[in-house]
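Two complexes follow with chain A in common, the first pairing it with chain B and the second with chain C.
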Partner chain A sequence: MKLSIERGKLLRSLGHVQSVVEKRNTIPILSNVQIEVQNGSLALTATDLDLTIVDTTEANISESGATTVPAHTLFDIVRKLPDGAEVELSLEADQRLALTAGRAKFALACLPKEDFPVMSTGDLPHRFDIASDQLKRLIDKTRFAISTEETRYYLNGIYLHVSENGDSTLRAVATDGHRLARMEIPLPDGAKGMPGVIVPRKTVNELRKLIDEFDGDVSVALSETKIQFSFDGAVLTSKLIDGTFPDYSRVIPLGNDKILEVDCHMFAEAVDRVSTISSDRTRSVKLNLEADKLVLTVNSPENGTAREEVAAQYAAEAMEIGFNARYLLDILGQVEGDTMHAKLADPSSPTVIQDSADPAALYVLMPMRV
Partner chain B sequence: MSDNRNGAGGPLRAHLVGHEKAAQTLRKCWAEQRLHHAWCLSGPKGIGKATLAWQFAYFLLERGGSGGHGKASLFGEALPVEVPESITIDQDSQLFRRLQAGTHGNLMVVERGLDPKSGRARSEIIVDDVRRLSQFYSKTAAEEGWRIAIIDSADELNRNASNALLKTLEEPPDRSILLLIAHSPGRLLATIRSRCQDLPLLPLSERQTRNVLAHYYPDLAEAEAKGLAVLAEGAPGLAISLAGEGGLDLYGRMVELLAALPSIPTSRLFALVDDIAPRDQPDRPLFFAGLLRNWLGRAIRARVVGVEPYEVVAGEGDQQARLLAAMPLDRWIEVWEKMGRLISRTEALNLDRRQLVFGLFRTMESALAS
Partner chain C sequence: MPEPNNQPPLLCLDCRSRQALDGRCAQCHGTRLVRHPELDQLSIAHLDCDAFYAAVEKRDDPSLRHRPLIIGGQKRGVVATCCYIARLSGVHSAMPMFEAKRRCPEAVIMGPNMAKYRAVSRQVRALMLTLTPLVEPLSVDEAFLDLTGTRRLHGAPPAVSLARLLARIEDQIGITASVGLSFNKFLAKVASEMNKPRGFCVIGRAEAMDFLEDQPVRLIWGVGHSLHQKLERHGLHTIGQLRAFEKADLVARYGKIGSRLYHLARAEDPRPVSTDRKPKSVSSERTLERDLYRYADLESVLWDQVEAVSRALKSKGLAGRTITLKLKPDRHRTLTRATTLAAPTQMSHVIFEHSKVLLKREATGRPYRLVGVGLSKLEAATGVLEVDLLDPASGRKSVAERTLDKLRSRFGADAIKKGRSLKG
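Presenting the complex of A and B:
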């Protein structure tokens, strides 16, 4: 194997794949990235056995071949090379990869390509294209609610499925039991009939990074056990979570009749300010709702108290309700419009929050007892 | 036997002798599509439990999705699959290479991990190692077919790790199998044992042991091979370790030292312990402690049965006869039992292993003196 490539191109390509590789690995070859010359271009592959990213980029190929080298080491070397340098890679006879750039020379230890994991995709019967900004919205509006708790492993991802209520839509849902986020987009052509799948958290995060790197549509292909996202130059293939997502529609209240409308930015800033005082891990904030007035208070036995008044539109009977400030801020961070619509029922029932600018996004938040 | 895995080239490359019946049971259950999801392969150390587990894993993975609790055919029961007579392992295959490198996505091996602080292997399997297993089963299979876990060994699971395993053991997903290797199944939690189908493996015959030994050390002299087989007491893994570490020489020196009973010069004892217990191999003294106890055990057994004991080193029989004559047999049995207790307590409480060897010699000394 022998090739040369401009440093910026190699760095960009490595950047797409290297974050898949875990920092600590018991199996040596899983720390490596596979470098392969394929049909006149350079393909870099990284995997953690759960997901694989293959990034293809153009290079000046003089000799074909393949090997694997430590991913983070290679990335660090290329990162530290001067901008615009021409990097030469060649596989030496003693199973070392020689890397030359200007006067810098490295010889990296390799492991044979044959030992590198292969993720078989099997048959992927459902295929559709989705605009990258649509996919980005599906992820951004929901991923903050993904659970990190491992006992309910089926919540450790985004549930992607087709909803047939009224117009067919492609929905993304994530929840951790305290809050739920739901986002939907019009059903892309070809997605009809796809099974509901749970995309694991790490895959979601890697996918989100790739979306920023590439323009154009993303091709999605999936079966009941695998999902694949193809960009122009990179392909991410991942396992799915093997479980059943709970029937989330039952926890979205429909009968909440107390409507609160508040300026989103002012509200978020106020929540952030008053929650400074709270000392406990729960960071609870109390909302006092009166006619056209919203008062936020935080009481901390050690630090003291905080109180702030925010102008709001509220016409129903006065009530008091507590929320986790961090959860509230997570949701407010995703609201794009100026106004946040909240539908409340009572201090112990879930509240529905919606975005004035984007009716497709819906959040459900459980209150706290304060 | 996990400790000699590297020396023998891995259990997959190991030469499996005996255990035909157990292997046949597994294959038969597979062919009849009634393979239980958890098996406990039990038996003394070094008799080939891991080898059998790995080779069965190879067998399952090679056949991909077929067999097991597969789908019944259109007309009721699934068609019977023929039971293969043996497992053939193709060492040039891609599957073999990936299993050896630990990069097959459908196989997870749970072993004692490295302690990042000391850089040495831990003395037990901790809960984090088992959690990786739960994550493995919470995602869909990397490739079509079975998801296999080998726990080597279940005796080394600590309390928390055992408890963490229960949930997976009780209800793994479809087409999953857990192979637990247990040197002393009695020590496992009852809740673990009750969830596994027991598959006891017996020690091999002396001929079979020598057969395995000849596979790794074809140039061994007749007497040496026979001696190693006798010492290993049906555990070829033990015989291989002994042969690789010059164990026969050390054993000879141990027997020589026994000739000095009832009073062993401390300096000679120290010299021997230094040789059998190098700092970097903390488990080796345990191994020799076992040999010392077995030496006495063999002598007692030979006397009770009334046969001449086989002499692994010349003059051994005379030593055994001399010592047995010095004290009534029931007292010797007491000594033998006490030595067993010392060994298991040292292991269980992680006491100083070098001290154990001193202790065993001193136990024999003091018994003779009283």
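Presenting the complex of A and C:
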């Protein structure tokens, strides 16, 4: 195998795959990235056995072949090479990968391509295309609510499924038991009949990174156990979480009748400001709702108190309710319109938050005892 | 003949006299004399009760007085404390009980009565607080005291106040304690171990380095079993040998603790005696009388530990985010499995739900001899989320638990129990 490629292109391609590789691995080959010359271009593959990303770029190929080298080492080397450098990779007879760029030369230890695990996709019967900006919205508006608790592993991802409630939509839902985020887009052609699937957190994060600079359509293919996203020379294949996502619709309260409307940016800034006083990791902020007035207070036994008043529209009876400041900010960070609509019931029941600019996004937040 | 004035100052532990005559106290003729050039300058002390649990039991039952006494798990488990008579036979704390019984077959063995020891501990602490507000309890039977600046208040240097404290503990509480007096916490703790029981040992600035020179590295606070072995492998046996290394070398070799090794080897310990030691974790564990392997049996032990941890968290006003399950497949191996929650909790039903999942994964038919659970990443319990969106019953469970807690605080811990804690 022998090829040369511009440093920027190689770095970009490596950047797409290298974060799949875990920092610590018990199986040595999983620390490696596979380098393969395929149909006149360079294909880089990284896997953690649950998730595989293949990224293809153009390169000047002089000789075909394949090998694997430590992913993070290669990435760090390429990162430190000067901008614009031409990088030459060639597999030597001593089974080392020679990397030459200008006057810098490296010989990297390789493991044979044959040892590199191949993830079988099986049959992927459901296929559809989705515009990348739609996919980004589905992810951005829900992924902050993905649970990190291992004990309820079925919450460690985004639940992607078809909703037949009125117009058919493709819905993404994530929850950790304290908040829930739901986002939907019109059902893409071909998605009808797809099973509800739970896409793991790492897959969601890798996918989001991959499509960040991409504008076209992403092809999605899935079965009950695997999902594959392909676009622009990259193919991400992932296992799905084998579990049942809870019936979340029960969690979304319908009867909340106390309506609060508040300028989203002012509110977010105020929450951020007053919560500074708390030194706890879990920072709770108390909201006092009165006629057209919202007062935020935070009490810290060690540091003192903070209070801020924010103009708001509120006509229901006065009430006091507490929230986790970070959870509030996570949601407010996703509200695109100027106004946040909150529907409240009482200080111990879930509150519904919606975005004035985007009725498709919906958030449920559990209050805290304060 | 009174001794000349250039002799180092001395103190009689029995009558607090400062004069000696022919090697005995000039006043009471006792021999418990402490003599040290810096005796009146040092003010950081470590007080450690002697064979605490055993001493309390002997105080309450004089028939035990002259018999070897071991406190610990009765059938299996380990020695928690043993009296000095039992120690003559080679029994020591943390020794497996069967080994203790082999070495000292005539010993009386009792299970610990923690509630009683805690009550005595509070009495001891109350006496300590009459000397200084700066008391840092390390455990139920030991504490650091900072007596800096108390000389005018008590009309005597710290050493004399401490000798008085020891006498009051003996007279009023009926147990004995030992004191280490030095200029920092590390050396004070080391000193209190030096001539137990009823000891009073002083390590001054002048001899600190010499004193540490030949002491084993094991003495350094933070050097546990594995680090000790590592140091031994590297040929480092004494504290003096550590001084040959730069701080950076020790850090590179042993990690963060390297810096501590460097400073403590030079008798440098800047940690202040602090009164608000926040616990880093709260845990409870039990060594089983016989190995258990069925999930249901392990679960019921787990529930008891969960309840104990939850009770401790509630009494301290704390909640934790990380739940750690501890299991011992045999005496030498410990297995821990942890999970971190999105929000801290102190509720037993939440801790149980999560630790159960961890236990289920490990209950593969393999026998375990110990089951424990702990919470870490602690914070103040105010404003803790208690209702789970996905488990609407969790709110009711929390309310029920709070009600149970109230009943127990009024009518005693055994007034009301969950069905699952009743066995058999």
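Keep this in mind: the second predicted complex is superposed on the first by the 369 of 370 C-alpha atoms of A that agree within 3 Å, B and C clash if a C-alpha of one lies under 4 Å from a C-alpha of the other, contacts with A are read in each partner's own complex, and residues count from 1 in each chain.
Everything that follows uses one rule, which is that contacts are C-beta pairs under 8 Å (C-beta built on N, C-alpha and C of every residue); 3 or more make two chains touch, one makes a residue touch a chain.
Every value quoted in this text rests on a predicted model; they were computed, and no experiment measured them.
Chain B and chain C, once both complexes are superposed via chain A, clash.
When the two complexes are overlaid on their common chain A, residue A:Lys226 makes contact with chain B while staying clear of chain C. Using the contact criterion defined above for the overlaid structures, shared-chain residue A:Arg369 touches chain C, although it does not reach chain B. Of the two partner chains, chain B is the only one that A:Leu240 touches; chain C does not reach it.
Once the two complexes are overlaid on the shared chain, A:Pro200 sits against chain B while remaining clear of chain C.
Of the two partner chains placed by superposition, only chain C is touched by A:Thr175; chain B is not. Once the two complexes are overlaid on the shared chain, A:Asp115 sits against chain B while remaining clear of chain C. In the superposition on chain A, contact of A:Glu150 is made with both chain B and chain C.
By the touch criterion defined above, A:Gln34 lies against neither chain B nor chain C after alignment on the C-alpha atoms of chain A.
Taking chain A as the common frame, chain C overlaps chain B at a single listed stretch, which among 131-139, 257-265 or 365-373 is 365-373. Common to the chain B and chain C contact sets on chain A are residues 150.
Interface of chain A with chain C (complex): residues 147-152, 155, 175-180, 246, 248, 250-251, 280-282, 284, 301, 322, 324, 348, 350, 364, 366, 368-370. Within the complex formed with chain B, the chain A residues making contact are 24, 26-27, 29-30, 49-50, 111, 114-120, 122, 150, 153-154, 156, 200, 224-226, 239-243. Across the complex, chain A is touched by residues 94, 97-98, 100-105, 113-114, 116, 131, 134-135, 137-144, 173 of chain B. Of all the residues in chain C, the ones that touch chain A in their complex are 321, 339-344, 353-354, 357-358, 377, 379-380, 382-392, 395.
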